[in-house]
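I've put the structures underneath this note.
You will see chain A twice below: alongside chain B first, and alongside chain C after that.
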Partner chain A sequence: MSPFRSIARTEWQLLVRRRSYGVLLGAFSVVLAFATGLGVLRQDRELQQQRRYQALVREQWVGQPDRHPHRVAHYGTFAFKPVGPLAAFDPGVESFSGRVQFLEAHRQNAANFAEAGALSSAFRLGELSPAFVVHLLLPLVVIVLGYRILADDREAGRLRLLLAQGTPPGALLAGKAAGLALGLAPFATTAAIALAASVVLGPGAEGAAAWIRGGLVAAAAGLHLAGWLTLTLWASARAATPVRALGGLVTLWAAVGIVLPRTAGAIAATQPPLPGKSEFAAQLAAEVHRLGDAHNPGDPVFARLRRETLARHGVDRVEDLPVNYGAIVMARGEELTAEAFARHFSAVTEQMERQEAVVHRAAWFAPYLAVRALSAAASGTDLRALTAFQRAAEAYRFSFVQALNALHRDKIRFTNDRAQRLAASHWAAFPDFHVRGPALTESLAGTAGCWAALAAWLLAPLVGLWRTGVRP
Partner chain B sequence: MRPSLDLLCWETRRLFRTGTATVALGLLAFGGLVALWSADREIARHREEIARLPDFYAAQMQRLAGQFADGGHAGYVAYYAFFPTWDPPPALAGLSVGLRDLLPAAVWVRLLGLEAQLYESGLGNPGLQSLGPFDLAFVVCALAPLVLLLLTHDLLTRDRERGVLPLAHVQSGGLGRLFAARLLVRAGAVAAVCTGLFVIAVSWHRIPMDGAALAWLGDALLHLLVWTAFAAVVAAACGSTGASLAAAGTVWLGAVVVLPAALNLGLTAAFPVPEGLELTVRQRQETHAGWDRPKEETFARFFAAYPEWRDTPPVTGRFAWKWYYALQHGGDAAVAASARTYAANLRARAAAAERLAWLVPPVGAQLLLSRRAGTDLEAHLEFLERVRAFHEALKHYFHPLIFAEAELKPAAWSAFPRYQPPAPAGSAGSWLERLPLAAAALGPSLAALVLVRRTSALPS
Partner chain C sequence: MLAAETLSKRFPGAAAPAVDRLNLKVAPGELFALLGPNGAGKTTTINCFLGFVPADSGRVTVDGLDVASEPLETKRRLAYIPEQVNLYDFLSGLENLDYFSQLAGHRYSKPELRRLLTEAGLQPEAHERRVRGYSKGMRQKVGIAIALAKRAKALLLDEPTSGLDPSASHEFSQVLHRLRAQNVAILMATHDLFRAREDANRVGIMRQGRLVHILSAAELRQTDLEKLYLEAMAG
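Take a look at the complex of A and B:
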């Protein structure tokens, strides 16, 4: 048997025979199963509730009696945020955004009922999702299983003996790494099962794309864990005693897993800070007013609209138009509002993305941030998926309001406008709100930096091992 | 087991001779300063937003003055006029951000149905919110215990491994005394750093040193006391540095990372709050159905709540503002029960968290600290109650005008109601609230006592 194979095998046997090994594997599996089970349950409940209300809202929409179209535009409808494809595994930002948005004429309402705002403050310590267990806790398992792998041998003088007997240092290192990896395999398998369970049972996952997304999560997690494995090996190869290796690794874990992410978040929040909600609303209102004021008879935008509309139909008075002029004004106003909103909303989302970029840069110092970002992106539960939903909801709002304005224009006479009603049969022709999450390519755009950061965290300890080699 | 002053001085000097303690405590202090800065930025954002509310309101009213230059029906003006209500951050919010970074600092309401206006999320970056706030409460609840455990886990094991424990035993006049001295010095150092950070925060954020502030510090130190007891058990129970380090890591990981997260997940699953969606959807349906119903029905419901308008002339035309607002009231009235259930369910969930908190001291401490600071869920629910009261005040102001079919010119608008928040206050709370946390310290303290006595009986 080659030295590599015998070392790997011995190391693996030593590892799995430890009493703590079974305890650790058991505890890890229980925690992960608990997190996955409740994750699936929660998302499933969320989806059921959404489906029920979406159906109800649709039924209410179609079941409206004869109504004035502008009445219907104010009646409005609701958009429900879809459950991300792998939300059961990695809920990402889902708990932190509103779940339902009321869509009506003239106004872009913010989403309501964010889950996180309704929890006690104790929960700010963390959310136990399968992703949290795999990305944050599993590296600790790697550390605990691996910190003694070379340091023990050195302390006992076995390392000197092994090297003196002519064991190639490369084979020794590779063998130890392989032994540790074999010992970790059951943990990785458990994690993979949890991931697969989320793909199969998770309510948001559909079709082959979900498996590809799952594969990407697995790739990111694998790369991340490989980084911690080599780091542990390197620390064990360098540290004077096993306890020092453990102390150093655990401190590093706490720093890059707990302290740095929050620090990065705190710094990112000031780069630059988002406007307050009141400020956003005030700026938007001022801009809408500046673009055109339908209530002001002297407003240039609406004066031109009036001139052009009259000229197009060759009449002198709006009362003589073959179409309802009130609806034309309303449609133009809606256009201006939507335009202003789109601009301000884009500015805010861009600002959020800039803040997010600060966090992604911090991922070079904290691989947890990199794997976290990749996992949420691949799971379709990141900030981008959320803004995609918000944009889709606004687009849908604009289209149904404008369709109602068109009905108003063509089917409602100008004189005695508000007293008229449109037949109820019109409402069923409106399409229901339907949004697809971002495509895989969209989810992954801009994540190259995070992949590179993970790769760097794998390469750095490898280079370290290469340079220091095995000190006897 | 009372250690002498000499022993304490000696142990203090010995602690700082090693680099580990200096580095660990230095990092704790640095983390604390970052936390103070970060929480201060977040709260400053709220203060700035609130400070600008009068300007935003004035700008809105100026725009409306252009629209209603010749005056307008009170109901028509009220349709467009939004009024700011706000929840000023309490003085201690810079120490425990609590839920403030998730919830809006200001809610704008108008005379229309209130339930559709109450529950909007604040404007925040969910990507950053999911990382969790970095405030002094987090430092006290999560980081300080870690530093404490790192400093104390090898109180005895290190000397034992070096074979100098019997010597130390003899020189210090008893192992119990030595153990107590070492533990006291280390816990004291961590507590001193936390207290120092608190003092810096108080002078930096100009926090008044009232009962709530002292109670906050008291709770923070009580939490550290619990961890001192945990640390004593770890240090006394383990035979080797490897074992004590592993035990310390497990205890910290369990109490600070895994159990709180598991508790949160369990509570979310056990206390679902479906009323949110139900409430929104029903309110809209009720309000709008009123357009297709006889007006008497709508008014009957309205008069039940506001009988003073019972004898006003009926609406005969297609539209009247008083009917429109009666309709809006109908929407709110239809979901009043759901709104109460929603708040009650949130409170039940919070109460369950509190009942379980003594099992997980960091959760108990987080809850206490955010309550002291007035940044917990209860504080927000109380704010929403005040918004309700203000909405009621709006009705009392506008209803007489609307029922009188009054025309309002911009000059009269300065008399519109303004929201007056109560002075923000933290809560010093009662001693009773601290009992669970204090109880959490009791068990491990006794265990440590027994363990140390057993160890000192058999000096190895």
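Take a look at the complex of A and C:
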């Protein structure tokens, strides 16, 4: 047997013979199983609820009596954000953001901005999700199992005997790393089972794409943990005593796992700060007012609309138009507000992306940020997925309100407008809201930096280890 | 087999060199005992042979190979028993021996491992017990077995009998005799004047990094070693 294999096997034996090993594995498995069960149940309940409410909302929409189309536009409907493919494993921003949006005429009820504005809250420790257990707690297990791996040998004087046997230092380090990895294998397997369970049982996961997403989460987590393993080995090779290795590693873990992510989140939130919900609404109202005020008879935009409409139909008075002029004004107004909203929404989205970029830059120093971003992106529960939903909901809102305005224009006469009704049979012709989650390629766009940060996180301690070597 | 040529080593910050222009040769089948007080440079000399401490000047060779340029090859030709043999507490004596032998590139069957442990003086009923419960002497015997298992051409001993009871010390001396008969070159740092006189072909007395006396076997028989040692220390 080569020295490498002997060392790997013996280190593994020494690790699993420790009494703390079984306790740690048991505790980890219980916590992860609990988190996974909770995640699956929570997402399942969410999906059932969505389905129930979506059906109810549809039923109520279709069941509306004969009504004026503009009343229908204000009656409104709801859009539900679909459950992310791996939301059971990693709920991402979904644990902070709203998932329901009320859709009606004139207004973009961007209820979700309240949560988006509180981006820094997304950097709290968060709920006990499987992702949290695997990405934040498992590195701690690596540290606890590994900090003694070389420091103990040196402190006890065994390292001299090991080296005196003619063991190549490279084989010694690689063998120790492999032994530690073998000891960690049951933990990794437990994590893989939790991930697979989320793919199989999670309500959002569908088909082969979900497995690919699961594979990507596993790859990111694997890279992250390999980095921690190498770092632990390095600390153990460098530190004067095992206790110092442990102290240094745990301090670093707390810094890059808790302190830095929170700080980065807080800094990101000021870069520049997002408008609050009411601020956003006020900005939007001012913009809409500037673009054109349908209620102001002297407003140039609507004065021109009136001129052009009358000219097109060759009449002098709106009452003589073959179509309902009130509906035309409303449709134009809807276009203007939708444009204004789209602009403001894009501005806010860009701002959020800038904030996210700050967090991604911090990921070079805190791999937890990188693995968390990758995990949420692959799970389809990141900010990008939320924004895509909000855009889809707004597009749906615009199309159904404009369809109602068209009915209003064509089927309701201008005179005595408010007293008229449209037959209830019209409502069923409106499609229900459906949106697909982001495609895999969309989810992965812009994650290269995070992958690079994780790779650097693995490479840095490798270089350190190569430079430090093994000293007796 | 073992040779140091004008070997010098000064540790950073130290006023005097730990080893000062040391010349030393140990031939196959010879046991050279290094005497001297703590801090005389005995352990540093051994560390230079092991390649754990790089020489400032001069050179150290094992079987003609330079330790500085062939650190692994020279270690393969050496066996080493420290003052404190530190083993893996959660492995048995047998498992420890097996592991350390594998690192040296040897693969022994269980009966062979048992035979080596017995040869080193470890009672058979202790072979499969965890080292955690071993006395210092028992650990030392596993260390001897590890050295025997290596089938090395040279043996480095750093105060191997300190803390051993007289009978264990005696058993150890017999092991050394057998190894000498097998043409192993042995360099032993020790405080034990009695054992040095009994076992060694030659004795060197070290003081402040230098060999101040070297006595051959014939000279040893005619000398009061203790008196000479005390005189050497008095300067």
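A few notes on this one:
Here is the rule we go by: the second predicted complex is superposed on the first by the 457 of 472 C-alpha atoms of A that agree within 3 Å, B and C clash if a C-alpha of one lies under 4 Å from a C-alpha of the other, contacts with A are read in each partner's own complex, and residues count from 1 in each chain.
Methods note: contacts are C-beta pairs under 8 Å (C-beta built on N, C-alpha and C of every residue); 3 or more make two chains touch, one makes a residue touch a chain.
Just so it is clear, the model here is predicted, and its values are computed rather than measured.
In the superposed pair of complexes, A:Ala448 makes contact with neither chain B nor chain C. Looking at the superposition, the partner that touches the larger set of chain A residues, chain B or chain C, turns out to be B. Once the two complexes are overlaid on the shared chain, A:Phe102 sits against chain B while remaining clear of chain C.
Of the two partner chains placed around the shared chain by superposition, chain B is the only one that A:Val348 touches, whereas chain C remains out of contact. By the touch criterion defined above, A:Leu161 reaches chain C but does not reach chain B. After overlaying the two complexes on the shared chain, residue contacts for A:Glu356 are found with chain B alone; chain C is out of touch.
With both structures placed on the common chain, the touch criterion links A:Ala429 to neither chain B nor chain C. When the shared chain is aligned, no partner comes close enough to touch A:Ala208: not chain B, not chain C. Contacts of A:Leu56 after superposition on the shared chain: chain B is touched, whereas chain C is not.
Those residues of chain A whose C-beta lies close enough to touch chain C in the complex are 1, 3, 6-7, 10, 13-14, 17-18, 156-158, 160-168, 472.
Across the complex, chain B meets chain A through its residues 31, 34-35, 37-38, 41-42, 45-46, 48-49, 52-53, 55-56, 59-60, 63, 66-67, 84, 96, 98-99, 102-106, 108, 116, 119-134, 138, 141-143, 146, 150, 241-242, 245-246, 249, 253, 256-258, 260-269, 272-274, 276-278, 280-281, 284-285, 288, 291-292, 318-319, 346, 349-350, 353-354, 357, 362-364, 366-367, 370, 375-377, 380.
The touching residues of chain A, when paired with chain B in their complex, are 31, 34-35, 38-39, 41-42, 45, 49, 53, 56-57, 60, 65, 67, 71, 74-76, 78, 92-93, 95-100, 102, 109-129, 132, 136-137, 140, 144, 242-243, 246-247, 250-251, 254, 258-259, 261-270, 273-282, 285-286, 289, 293, 295-296, 348, 352, 355-356, 359, 382-383, 386, 418-419.
Residues 50, 52, 72-73, 75-76, 78-80, 82, 84-88, 90-91, 99-100, 102-105, 107, 143, 146, 150 of chain C are the ones that touch chain A when the two sit in their complex.
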